[in-house]
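Here is the structure we will look at.
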Amino acid sequence: MSYLTDEPIDIAGLVRRTTRTADGACVVFEGVVRDHHDGKTVESIFYDAYRPMAEKEIARIVSDIHRQYSDVQITVIHRLGHLRVGDVSIAIICASPHRAESYEASRLLIDQIKQTVPIWKKERGPEGEEWVGWQGR
Amino acid sequence: MSYLTDEPIDIAGLVRRTTRTADGACVVFEGVVRDHHDGKTVESIFYDAYRPMAEKEIARIVSDIHRQYSDVQITVIHRLGHLRVGDVSIAIICASPHRAESYEASRLLIDQIKQTVPIWKKERGPEGEEWVGWQGR
Amino acid sequence: MNVRLLYFAVLRDITGQSESTVSLREGARAGDVWHSLREQYAQLADYRQPPMIAVNETYAAPDTVLRDGDELAFIPPVAGG
Amino acid sequence: MNVRLLYFAVLRDITGQSESTVSLREGARAGDVWHSLREQYAQLADYRQPPMIAVNETYAAPDTVLRDGDELAFIPPVAGG
């Protein structure tokens, strides 16, 4: 299964497929395109990726977290391409018999995905466009 | 707005109405009826509440957490009545510009709601039915 | 004076009613009502301590003095979520 | 020997290409390729240190010795999520 998509993310469907009958808790994280960043207005974002490496890197992170939290069923999907304000860029679904593990796994997953997965975003606004993280170096 | 419902919870609709254009993160907690509890098989659950007091108590908790996390937009809804395995009993939606606050607020909300809101559940399984928490005292 | 007593969950099953009106002497406390319920229903005999108590939809201590027209409820262990 | 060099995000914009084949002497290291890119593109002059480096879809250190047929990519600061 791919961790990347060029289509809108069907979160309800993913939640349904992630949660097993033994699960009493499901924690969903949605990353959403917001209308500002570093004091600038954002109208849309273009997400680019080194696709095969991003797939491998997300798989590695999911496998690491699953090893730590074996009770947690995990689904991760990151959307690429042009997204507008309010669109969901990433969904992380964690389901488990008890809630503590799903909260912890969810938080670790998004933190690690943001740190190492080769995905980039170019923000577009009234003042032009810019690759996030590059100009600030 | 009521915090209680007798109908299935429309999570996607609640997420859409909770998230503002300034929000970059949305954390959704779903409590789900699971197929076992304390080693016993569960087939369905009946949720009962002291409705006016439960409304007030959830409102108080939401207001407390909102005071601590003023950036977080919060929606809470608890379903009552007969639920089957896999049905969502509670949904907590937290949206904020950055993710840390939504994770923390979400976790505190469910922990506090489980502690003090006058809602009860009667589990039904092949061995009969039982009000959770009472027999074990 | 009269107090409206509400029954929920296991207490509704045990007593077979969802509410009743109880007549109390002036100065009666919430905990006193629990003790007379215990005397009435054998299944409550083991529960010397009352469950949580709500007076007028707010949690209250067992020694809360009741007033005419109050709404009283004993709150069995909650299990929402 | 030849290495396939991939360009992403800001590096694709700066170089105007998505990939190229670079000929290297035996023993060349990943960091060496970054330094020749810097000489070629004025916009990279300020970036003495390379961004993160991937060799064959795995993160690697700048002193990694390259082999014929390797796939090399410089990874600008990531911003997924």
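Read from first to last, the chains carry the letters A, B, C and D; within each, the first residue is number 1.
Here, a residue touches a chain if its C-beta (ideal position, glycine included) is under 8 Å from a C-beta of that chain, and two chains touch if they have at least 3 such contacts.
Here the structure is a predicted model, which means the values were calculated and not measured.
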item	value
Separation of subunit C from subunit A in steps, with touching chains one step apart	2
Distance between chain centroids, defined by C-alpha means - subunit B, subunit D (Å)	49
Cα-centroid distance, subunit A relative to subunit B, in whole angstrom	24
Whole-Å separation of chain centres (CA-atom averages), subunit B against subunit C	26
Shared interface positions of subunit A, touching two or more other chains	31, 110
Multi-partner residues of subunit C (each touching 2 or more other chains)	none
Chain-chain contacts as defined at top	A-B, A-D, B-C
Subunit A-facing residues of subunit D, complex	6, 8-10, 12-13, 47, 54, 57-59, 73, 75-81
Of all residues in subunit A, those that touch subunit D in their complex	31, 47-50, 52-54, 56, 78, 89-90, 110, 113-122, 131-134, 137
Subunit B residues within the subunit A interface of the complex	11-12, 15, 19, 21-36, 85-86, 95, 97, 99, 103, 106-107, 110
